[in-house]
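Letters A, B, C, D, E and F mark the chains as written, and numbering starts fresh at 1 in each.
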Amino acid sequence: MNPIQLQQQLEQFLLEDIGTRDITATSIFPVDAIGEGVFQAKATGIIAGLAIIRATYQSLDPNIRVVLYKKDGEHVTPGETIAKVTGSIQVILTGERVILNLLQRMSGIATMTNHAIQLLQNDKTKICDTRKTTPGLRMFEKYAVTCGGGYNHRFGLYDGVMIKDNHIAFYGSLEEAVHQVRRKLGPMVKIEVETESEHEVVTAVNAQCDIIMFDNQKPETIAEWIKVVPPTIITEASGNITLETIAAYRYCGVDFISLGCLTHSVQALDISLGRV
Amino acid sequence: MNPIQLQQQLEQFLLEDIGTRDITATSIFPVDAIGEGVFQAKATGIIAGLAIIRATYQSLDPNIRVVLYKKDGEHVTPGETIAKVTGSIQVILTGERVILNLLQRMSGIATMTNHAIQLLQNDKTKICDTRKTTPGLRMFEKYAVTCGGGYNHRFGLYDGVMIKDNHIAFYGSLEEAVHQVRRKLGPMVKIEVETESEHEVVTAVNAQCDIIMFDNQKPETIAEWIKVVPPTIITEASGNITLETIAAYRYCGVDFISLGCLTHSVQALDISLGRV
Amino acid sequence: MNPIQLQQQLEQFLLEDIGTRDITATSIFPVDAIGEGVFQAKATGIIAGLAIIRATYQSLDPNIRVVLYKKDGEHVTPGETIAKVTGSIQVILTGERVILNLLQRMSGIATMTNHAIQLLQNDKTKICDTRKTTPGLRMFEKYAVTCGGGYNHRFGLYDGVMIKDNHIAFYGSLEEAVHQVRRKLGPMVKIEVETESEHEVVTAVNAQCDIIMFDNQKPETIAEWIKVVPPTIITEASGNITLETIAAYRYCGVDFISLGCLTHSVQALDISLGRV
Amino acid sequence: MNPIQLQQQLEQFLLEDIGTRDITATSIFPVDAIGEGVFQAKATGIIAGLAIIRATYQSLDPNIRVVLYKKDGEHVTPGETIAKVTGSIQVILTGERVILNLLQRMSGIATMTNHAIQLLQNDKTKICDTRKTTPGLRMFEKYAVTCGGGYNHRFGLYDGVMIKDNHIAFYGSLEEAVHQVRRKLGPMVKIEVETESEHEVVTAVNAQCDIIMFDNQKPETIAEWIKVVPPTIITEASGNITLETIAAYRYCGVDFISLGCLTHSVQALDISLGRV
Amino acid sequence: MNPIQLQQQLEQFLLEDIGTRDITATSIFPVDAIGEGVFQAKATGIIAGLAIIRATYQSLDPNIRVVLYKKDGEHVTPGETIAKVTGSIQVILTGERVILNLLQRMSGIATMTNHAIQLLQNDKTKICDTRKTTPGLRMFEKYAVTCGGGYNHRFGLYDGVMIKDNHIAFYGSLEEAVHQVRRKLGPMVKIEVETESEHEVVTAVNAQCDIIMFDNQKPETIAEWIKVVPPTIITEASGNITLETIAAYRYCGVDFISLGCLTHSVQALDISLGRV
Amino acid sequence: MNPIQLQQQLEQFLLEDIGTRDITATSIFPVDAIGEGVFQAKATGIIAGLAIIRATYQSLDPNIRVVLYKKDGEHVTPGETIAKVTGSIQVILTGERVILNLLQRMSGIATMTNHAIQLLQNDKTKICDTRKTTPGLRMFEKYAVTCGGGYNHRFGLYDGVMIKDNHIAFYGSLEEAVHQVRRKLGPMVKIEVETESEHEVVTAVNAQCDIIMFDNQKPETIAEWIKVVPPTIITEASGNITLETIAAYRYCGVDFISLGCLTHSVQALDISLGRV
């Protein structure tokens, strides 16, 4: 994660939660009352986003000391200590909610990603994310996917071409669309095409696109269509694949399975802050 | 929702997704190719956040025309048309993902809130949200809760006092903490106290706080403890209550049940954009 | 004050004053010429906003050292030293004006608040502020009021309901307006009603609002009307009350007197920076 | 005023006051309830900042219609209508406070400036402002001074050199300081020198600075010292001159009198919004 | 170009130039004095960035009317009219310099790009840009390159991998670096490798990178080394190639020649604003 | 340079280049791999902008250590070490491009300015810049001009009046325009007039403007016209003067020669980062 973007967004999140001041903490505690707190896992999963703890407290008060006991991507179990913070009690409590909201969410994503990989049980097929992320959190969520062992698909409309069903619906010809795009691209951009029929797969192969996505297809269908795709073209299965259905895609032969659920339907991993 | 904050955050979300440009759409379509698209529900639920469609396209291109067929808080069923957009195809497709990511999330929250109300079947007990929202999206998510029929708890650390378990853990005396806070408050701020034992409930009553929250307690326990709370004090049940367990709280007698899951574990409501 | 908002706004204020560079100081002094300056009171009053001195210099140059000799809320007399700064002379002088403009204003507010309390001579009635603050400075000015011994009314349109004369003028029924609002509120929001007749006071009492404000009424009138208000409802006198007239409100019986003049007609407290 | 800076700052001010939403107005009025309001003067003075009314409502809702009946710099008397607004009642009331806070302050400044000019009764001596403005409002306040008939001194540390007492205190030689500065300046920057003794006036004249300020001197002293200043050098009286003392400076001969009180100790001009 | 980023950056540029106000134009012209101006080419070249004219004036005053007579990428000759603007003279003149500074720069880039293509006289080898752009202007400058007929290399460190000499210098093994990177990449990212010896070219080929750059090599050397590169790998010549030397690369066989000079050493194309 | 503006703009430039993350460096190097790099000149010239190296790395990682071996304004020759950086290799490489793009540009400007001074060989005539700077970089570029020995003309429309050909074209009378402006100006603002005929020069002299610019005139013409200008008025030659033509202006007698080319047609000075 870009450290400057991280810092700027954390400050925005803290402004959202704290507003003009934390009425409770500043009323109860003098600013120089010192204490120690621990962040602990309360569920089993993969931790992601630990840099957020230090960066958040750094923004609020450079005198808070943070010690991390875990690294991003490691397993945690209930009761395990993740980090210890020492400093102004007022500040420790003021920063708590923003840290937990973000850390729990990112760890939930990492955990689900890891779960998907275990369900798939196939080293040749990788799990990746989509653009169905929470607005404003893409950097955080895509990073969390990698902590869980997954891979990042494109980050936005700017770093990769994907010709989707709507592009074809409005434009007409898949083949022509690929040519149209290619005429304008520099050397670093890849072209992916969404396909919904075997005919579209063949067209995409002939148009020499870099990646072919099988959109909303059953594993058996993919296993059939993939035969016409040469090994130089990367393949991807996508469209409403979930933890319930992913195992069925184990042998369909694609290089990547992309899961929108990793980021659009997150279960937060329970983490808490307590007094030492 | 504050229209200025809405506009500013939408522009941030669009910058996140579009970056320097939408390579695909700008390569395929000339900017003056005109088309028409429809946003349609693909699942049953409550719609929330429709203002986002117009505001997003307004930011990208003032010439896009948007017609809404629904209002926030209304039910939608699969296939129902929510909105129609007419204008530059390029722009319609460039804005699609940000709109869907936000609209689906907000509608998912509204739908879950509404579901909770139906499961509870008790007009005297209201559903409300928590601060366990997605960083950066609090205004959107809290608004979605009201679209589903729920109520908003405080928005942040600045608009209400909540003395939580950690405040007591670090401070010592619940009673003294309430007094400490009250000495500093103006006329408009309410004080809520989290309680975890009947003794704490009694202390909170004696300290004349405005709201008593029963934190992580079974319905039967709450039904017992609530007897010592006078009707002038608002009561709230909170702590890991979910759609699975909420019905059990039907007759425990509290004024509000707050659900963190409404915002920290959202299921997006499926909505899509298609060509007319 | 939220330290992140403090830092961000100070940087804005410094950009406003310094622009592209301080032509005078950078032309006269080499950046490594070191000196020592003192901030001294030049009038009698209450000091408020001392955190600004360190935060401002921290933004300009982390090597400036600041020692504070006073705490917010303490009295100062002419000639008393408030703070000492050591470091680059160039930077000490570049930051001077922004610090003084803000510190003098905040100390002026604290001093006037304290003066009002002394004039009132009544521990049961508290002084509070209004939303008639300087645009962009609400957090600073409301904090200064508390340094002078006053209390904060709501911070904005978002953290409390106030049904004012214009709401009634445009809506019609005070009673109905209260019901309308109450139907939409969560547990943490209070409702205040402005009243301008005894009939409105009775209506507000019956509508069970949380706070009743007597708007622009003489002390004798308030003393009369307040009789129908039960002790569970907070009372407030407001409307063009100034230091000249406040003493007359000593025994009218309200819980709060709010003073717009504290923030809309400030007399800056004279403070200066000099060489040691 | 720069229209882009105006718009950006107004949006900041509105965010400060409205936060996530105006609970009162959005609860009472449906967004499509239409009404008409008038801004009226409630005191005698000079109006300044009328562009703020339209710009504020434009930011909140482009459908609000604003008609102005006055121009900046014109006199107003109690009861006079300044502007009429038509549109969503909700929006009219939500924007009220920010507009009034700014308009009253700017009009207060214009009125005080105009008062100073009338007290001075001397066309040859102009009134100007200082850098003792409210942090964040310099553009607004300096513009208001011109509406009242005054002139703007430099806007910040970037658009003019002023060698002040502290520069001399830390540097040593006034003469050397002027030379030091001049060696680094381009063609467009003027040099002003603060003087506190006749000897310093002579030094400043010899150093050929562009403006000489008599700092904190009695009118008689200035009338004496000014004799050695050639007409090509502009003269300025400054330092704690107020409306009470300005008349005494009528014949001291300076070109400008600068008044810090115009902006650091403002009396807001009373203006109100009412229903038509 | 992303229209939201365009608008936000233009407003920043206007704030930089106008600051608090345009003293000259606002002093000479009343805001309602209407006039008409024309933007005209004063040199021969390719125009780029015309959207800036309308967007700039739109930010300053929505009533300015702009008519464009050219499209981005078209040739212009001295005296040719590019655009006509009608509206407030004050505003037309206030916006002039920012528009010209940006338009001249972008047109200079487009013109130089086009010149390079003509000097190269080889349809199979494309001209592309680098990351040696002006800080803050990358979107504008990369867009200008496409207006001149060139192609965009990666936009930043985020949308493509380039293993450069420094990566190898610090890491050790080119081969291992490629593997290291590949293990972490999703499907949409390409890997480019800078090579400085035939051995490195072979290594890069074996590592199956997507693009091989010949860094700072003579055309003859490239023509030799390129023989070992299979047609599935894109080739690029880079490193201090200028308009003086580009023709020598005509037959070296690479797919792309990247030119840092297009953006780091721009000659502005002369354009002026005049009265009709 | 204002350190706050410097920091804010550098962070923007880093966000532009790094986006969500540096894929290459973060994939190859672990964040705790430490190394040492040197910035070296690869051409002869004047260095400018060294503060950028430390400020950039400070933003990315406070643990990077930077040692400078040069000061702004000093000569460098090929191979000379300018600065050494020690710390995380990942961070050293991530920040490289932004630093070089800015440092090379600023050093190019300083070098060209210095070259102009040497070509002019006349201590009485100073070189200054214009407003033809790169949008967003004015502070940086104007500072670089001073590093090369040049002087700054006004920074924007806000800190000096310049009545240009277009003002006259739209307004009519030069004389009247000067009067119009003067009536509104405070003590610190200078008035410059562009002249294109001897008659205009005489008019400008009579109008007692502060600076007269000879716009687009030959040296001989200037030498003739300047005779009617008294020594109290500053003179400036401007308009398409370049390094090729500047020597011809050596004896024309003006105080300043302003060169747009210094900033609108920069040749970057070659500087590189290498491993120690």
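By our rule, a residue touches a chain if its C-beta (ideal position, glycine included) is under 8 Å from a C-beta of that chain, and two chains touch if they have at least 3 such contacts.
Computed from a prediction, not measured in an experiment: that's the story for all the values here.
In terms of the stated touch criterion, the partners common to chain C and chain E are A, B, D, F, listed by label. Each step here moves to a touching chain, and the least such steps from chain A to chain E number 1. Contact count check for B-C and D-E (C-beta pairs in contact): higher for B-C. Matched by residue number, over half of the contacts between the chains of A-E recur in the interface of B-C, chosen from B-C, A-C or C-F.
Once the centre of each chain is set as its mean CA position, chain B and chain D turn out to be 44 Å apart.
Distance between chain B and chain F, defined via averaged C-alpha coordinates, is recorded as 51 Å.
Measuring from the averaged C-alpha position of chain D to that of chain F gives a distance of 32 Å.
In chain C, the positions touching at least two other chains are 18-22, 138, 155, 158-160, 184-185, 189.
Arrangement of the chains shown, judged by which pairs touch: an irregular graph that fits none of the line, ring, star or complete shapes.
Contacting chain pairs in the structure are A-B, A-C, A-E, A-F, B-C, B-D, B-E, C-D, C-F, D-E, D-F, E-F. Per the touch definition, chain F reaches chain E in the complex via residues 9, 12-13, 16-25, 27-29, 33, 35, 37, 89, 93-94, 96-98, 100-102, 104-105, 131-138, 155-164, 166-167, 169-171, 177, 180-181, 183-185, 189, 264-268, 273-275.
Partner chain B is touched in their complex by these residues of chain E: 1-5, 8, 138-139, 142-143, 155. Against chain F, the residues of chain D that register as touching in their complex are 126, 128, 146, 151-155, 158-160, 184-190, 192, 211, 232, 234, 236, 255-256.
Those residues of chain D whose C-beta lies close enough to touch chain B in the complex are 11, 14-15, 18-22, 59-61.
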